[in-house]
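Heads up, the next two complexes both have chain A, just with different partners, chain B and then chain C.
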Partner chain A sequence: MKFGRSWLPAHVLAWLYAALLVVPLYYLLVSAFKTNDQIFGSPFALPTSLSAHNFTEAFSSADLGSAVVNSVLVTALALALTLGLAIPAAFAIARTEGRLGAFVERVFSLGFLVPTFAALFPTFLLAAATGLFHTRAFMVLFLPATAMPLSVVILVQFMRTIPREMEEAARIDGASTFGVLRHVYTPMCMPGIATILLLNFLTFWNEYLYSLVIIGPDPEQRTVQVALPTLKSLTGTDYGILTAGTVLTLVPVWAVYTVLQKRMQQALVSGAVKM
Partner chain B sequence: MTLLSSAPGGASVARKTPSAPAAPPRRKQGGVILAVPALVWYLVFMVGPLVAIFVIAALHWPGMLQPVSFAGLQNVRTVLDDPVFMDAVTNTAVQLVVALPLMIVGAYMLGYYVAQQPPGHRVLRYLLFIPGLISTPAKAMVFYAVLSPDGLFNGVLDKVGLGSLADAWLASPSTALACLIVLDVWSGIGFTAVLFAARLGSVPDEIGEAAQLDGAGHWRAMWRIHFPVIRDFVGVVTMLQFLWTLFGSAQNVLLLTQGGPGSSSTTLSFLVYQKAFIAADLGYSQTVGVFLFLVGLAGLLTIRRVFRQNY
Partner chain C sequence: MRSPLSRRGFLAAGSGLAAAALPALSGCSPFASADSDPGTLIVHTQLGTTAPGSPTYKAVVKEFHAEHPGLRVKNLVNGDDLPQVYETSRLARKEPDVVMVNLYDKTLAWTDVGATVDVREYLDDWGLRERVLPAALTEWTDGEGRLRAFPYFATNWPVAYNTALLERAGVGAVPTTGDQLIGAARKLRAKGIAPVTVGGNDWTGQKLLAQIIQTFLSPDEARKVYASGDFSGSRGVREGIDYFVELRDAGVFADKAQGLTSDTMTTQYNTEAAAIQSAMSSALAKVPARTAGHTAVGGWPLAPGAAHDKPTILRSYTLIGFWISPNGVRKISSVEKFLRFMYRPEVVSRFITESGRDMALVTDTVSKDFPLVAEAQRLGDRVGQVLLPDLHVPPTATQPLITATSTAFTRGTSAAAVRSALEAAYRTG
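Showing the complex of A and B:
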């Protein structure tokens, strides 16, 4: 018997921890349908009605509607730019032999050691100097830079596995360097591209501090993550509305995770391994 | 792992460039230019600001619109004389010393458990990963809803007759820092355990079976047999968590306690934020930034040394 009695403490501890993860989320979910009184009176009871009142209230009082649009916009554009920069760079590094390619790769992998957070203030100055302070555009330009080291390193590893005969065959058919990139390398490292898309989707969507400082609190411009904490102070903390807002920001990530669970875990593991 | 070759000043393990001796060196070098945009981006948005930290640290700059003058090492003296800085150093040290071992040891054991595929391990894996998905503000809001004076935790205490123990957990000097540490550990263990489980899953089964034939219990198998095999991976994950805890704590502090009461929950990275954006003492802020950067570097090198593969 593989899981004998000696495993009992392990079972108990593991599921206890799982409960610690689930209970606050359950609380979050049911509270989103309750009033403050109900939340304090019977925190664990199922809601008596599934009214969307808190959600609409959260939506209007923190302007979550435009915040979601902003988040989607920033995330999507930043992802597109990340791919546009990382794929050609990885292609160049993977194909360049000798010192130069290795050197450029080393430069990118040193980026893992750059704690982006520490440079918050200088980045803020950069935004001010370029006249892009308080705009979403700066975040769209900035986020891909933070994603460069991981994205380039992962893609280089994928591209190194592509046999050079593939390129030679394409060359014989008259393909240009760009054609080789587009028709040989890009399709062949789709798994790598999916990995960096997923990883960066999580990071970009969840990004908080830079968005707070650089985009600022303007309801027209701010992202979901910046809008969410304002529910705490705005409403003298109506917990129903606060939790409803939190649930709303979690939905997109949750949906993606549930559909792509396996793939996303693999992506994060490979992200960590590549460091 | 790749880390061994990607970290700087390492024992430069031979790089894995495809330099098979027989390969014909006929490849065109023409494509290098394609790496230029990414490099420029990276230099402008990451390396540039990083260098700027060191420059600003040497300036006297009492606010965005104030005149700037050169201060040399004067900021260093101001920072070192400031009791708040010393509090922040202590808080950060406590946070790292408590949270990091708890997180790594707990996550390793949990990851090992999941990797053995006990009943329900798929559900468990799904659940454990949840903290990895939730954004910092959302996690902080969950914690706020649980720990605020009329939140879930006090409600539970009241229900079980321990209402007298109820406290304003986030607003009390003796518990504010502890709450932040609990948040780190709570969200860190699950996500890290999934990473470990995935890595342990690729350890050949024979290793575990051989251990069982030798009569090794699971405790021994876990620490004496599997741990050495994935030792370098544990090192990488420890480095990640170290960096996240060291630099990322500013967000949780900002969202939950604002560093208070007093400076009882001010961490180093929050101090950088607070001095830059609230107190507008920019030279001071970036001097702490330099300090933080050096601590990060020293920590990384130490962790790498401790977890160096030694078989």
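Showing the complex of A and C:
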């Protein structure tokens, strides 16, 4: 396929957009190897040294090792719980033709209307009342609750595109309802599942406010997003160390995105074709 | 169709995972143990990562452990968000035993609402009163006579002048009057050097603005102004704001000062892009040796008719102190051991010599590796002192006042508009 001159503006805009995305990442990365004076004095210059000092200092000062482990635990368990609840819920809603199904779907959609900040105090009270305040367990239960509306709505749309005949064929082969979900709907919705996995992973991993208030600052329990700001100080922040710490916490995000991006793109493209 | 994992198996695996993982994630909270484990003292602190004094703090805690093998200090570290985290912990009655934080903003209300306890009796019972500077005790005592916390860190807040840059611009001496400062600013600008750098968008700008406003105010008048938020009521405060506007519009402050922060301020000074900064001890400790070598510390230049006879600085004794929580009272013998240890002269000296901190305690130790901090300590009566407004500004107005500061540092804003912005901060708060 050959592109003529008419494609030139599109190319220019695409490259400009890419540059807009790359510049902050470049700034973050080079700052991780600099001192404060270098960061503010010549922000976009290449670092004069590739010393790992800022990285080791960030890792040890903020105890990022255990913070990453805690984040992985909370995120992985919350994702598992989200999928465990959202897939059957979406399956049930997608297969229901009556008014009740539409009503339940709308109830899930109402979840979008609750502002995150407004739920903070009631959530704190709930955590205190259940004895789960200052525990990671509460976040493992709470995060899926916040992710259910988006997850269910996306998965319902995917499941509605699966022809009924597929289920009927499975039933003829003796599949139970659970078997239909597991062997027909789930595999065919993998792009959708990958999409909600990726979106929820980013949300759960980057969650700060609730983790700060509910889990708290205990180094044995706190997540990476709570550990990272401890590198910031009102009376003089070392931005080299802070950006190095930020780069370290971005590594898992980059790894997960690399693994799931193909599936997500597939989901987006298939969605476009269906439209 | 046969599933390798049956529904029953799937549910069993899910339940097993939940049964195993969730209790593991909820058990053994250190906050829960704060109530039950007398062998652990939970300390919520802003020291512990990269804040000035953190390495020394970690080292002395290690020493404390070696001396008290049966008592463990568990540090919970937060930065600027510590007050919010402590308050929610307290609401759930799971607060740590000791809190190490400044007396500022939200923490001003803690003793009043019972979030922390009055420590006056403990200070006397443990015989530590003589260790504290009288000015520190005054600042940490509230209107009801309650001592909010055990004072620990203090700070001098002088003005740092880069004498080499002043000389390069043809300024012979450190300016001591407003006119001299304006003249110096013109000469510095002609050489492409920023005159006074300041974080006009954060607390450093707020403090410098407060310092300049107090040029024509006595301490009592300043206290009233900052407690009430009436920036139009007295002649002194109006003249102070006029003086600030005159300096600003004469180009005394660095370009776009209204958008600068404390970090850009210290970087501009440390890299010699700017010649003057108003800097607290922790910032002075970070001035690199080559810049520190030709830095003189002094006060802020005065205008004719000022209420002070010498250039002024700020001093504060309300940086990090040791607050005791209601949970801490239950483990008061452990708290006593910890605080007695932290108040020891040799421990106090370590913070001065190793970290360049100023202390709110009686000590003869002077920084050797931090010459500017030491020079600021020696300023004594050679400078005048104005009031740090933090203790008098209502907590709700603290943040809006910083926002109003940015307006004040914006060139072209009239004195009336500055007054109006400052007064609005008290109304919005």
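The working rule: the second predicted complex is superposed on the first by the 212 of 275 C-alpha atoms of A that agree within 3 Å, B and C clash if a C-alpha of one lies under 4 Å from a C-alpha of the other, contacts with A are read in each partner's own complex, and residues count from 1 in each chain.
By definition in this document, a residue touches a chain if its C-beta (ideal position, glycine included) is under 8 Å from a C-beta of that chain, and two chains touch if they have at least 3 such contacts.
Bear in mind that the values here come from a model prediction, so they are computed numbers and not experimental data.
Asker: Between chain B (first) and chain C (second), which does A:213 come into contact with in this model arrangement: first, second, both, or neither?
Answerer: Both partners.
Asker: Applying the touch criterion given at the start, work out whether A:229 contacts chain B, chain C, both or neither, answering first, second, both or neither.
Answerer: Touch status of A:229: both partners.
Asker: If you stack the two complexes on chain A, which partner ends up touching A:40: first (chain B), second (chain C), both, or neither?
Answerer: A:40 contacts both chain B and chain C.
Asker: One more residue to check, A:59. First (chain B), second (chain C), both or neither?
Answerer: It touches nothing on chain B or chain C.
Asker: Please work out whether A:11 is in contact with chain B alone, chain C alone, both, or neither, and reply first, second, both or neither.
Answerer: Once the two structures are laid over each other on A, A:11 reaches chain B alone.
Asker: So in the superposed three-chain picture, is A:204 touching just chain B, just chain C, both, or none of them (first/second/both/neither)?
Answerer: In the superposition, A:204 contacts neither chain B nor chain C.
Asker: According to the stated criteria, A:135 is in contact with first (chain B), second (chain C), both, or neither; which is it?
Answerer: second
Asker: Would you check which partner chain A:73 touches, where first means chain B only, second means chain C only, and both and neither mean what they say?
Answerer: Second partner only, chain C.
Asker: For A:28, using the defined touch cut-off, is the partner it touches chain B, chain C, both, or neither? Pick first, second, both or neither.
Answerer: first
Asker: Quick one: name whichever of chain B and chain C touches more residues of chain A.
Answerer: For chain A, the partner with the higher number of touched residues is B.
Asker: Across the two complexes, what residues of chain A are contacted by chain B and by chain C?
Answerer: 40, 124, 141, 213, 229, 231-232, 237, 239
Asker: Considering only the defined contacts, which chain A positions touch chain C in the complex?
Answerer: 36-37, 39-41, 57, 61-62, 73-74, 77, 80-81, 84, 124, 127-128, 132-138, 140-141, 170, 173-176, 178-179, 182-183, 212-213, 216-221, 229-239, 241
Asker: What part of chain C is in contact with chain A in the complex they form?
Answerer: Per the stated touch rule, the residues are 1, 3, 5, 7, 10, 14, 17-18, 21-23, 25-27, 29-32, 44, 46, 48-52, 54, 74-82, 84-85, 88-89, 91-92, 94, 203, 262-264, 266-268, 270-271, 273, 280, 282-283, 286, 288.
Asker: Give every residue of chain B touching chain A within the complex, in rising order.
Answerer: Chain B reaches chain A through residues 1-3, 5-8, 15-19, 25, 27-35, 37-39, 41-42, 44-50, 52-53, 56, 106, 109-110, 113-114, 116, 118-120, 124-138, 140-146, 148, 150-152, 155-156, 186, 189-191, 194-195, 198-199, 217-218, 233, 236-237, 239-240, 243, 246-248, 250-251, 254-255, 269, 272-273, 276-277, 282, 285-286, 289, 292-293, 296-297, 300.
Asker: Which part of chain A faces chain B closely enough to touch in the complex?
Answerer: Per the touch definition, chain A meets chain B at residues 2-3, 6-7, 10-11, 13-15, 17-18, 20-22, 24-25, 27-28, 31, 40, 43, 85-86, 88-89, 91-93, 95-98, 100-102, 104, 106-126, 141-142, 144-146, 148-149, 152-153, 157, 160, 164, 177, 181, 202, 205-209, 213, 225-226, 228-229, 231-232, 237, 239, 242-243, 245-246, 249-250, 253-254, 257, 261, 264-266, 268-269, 272-275.
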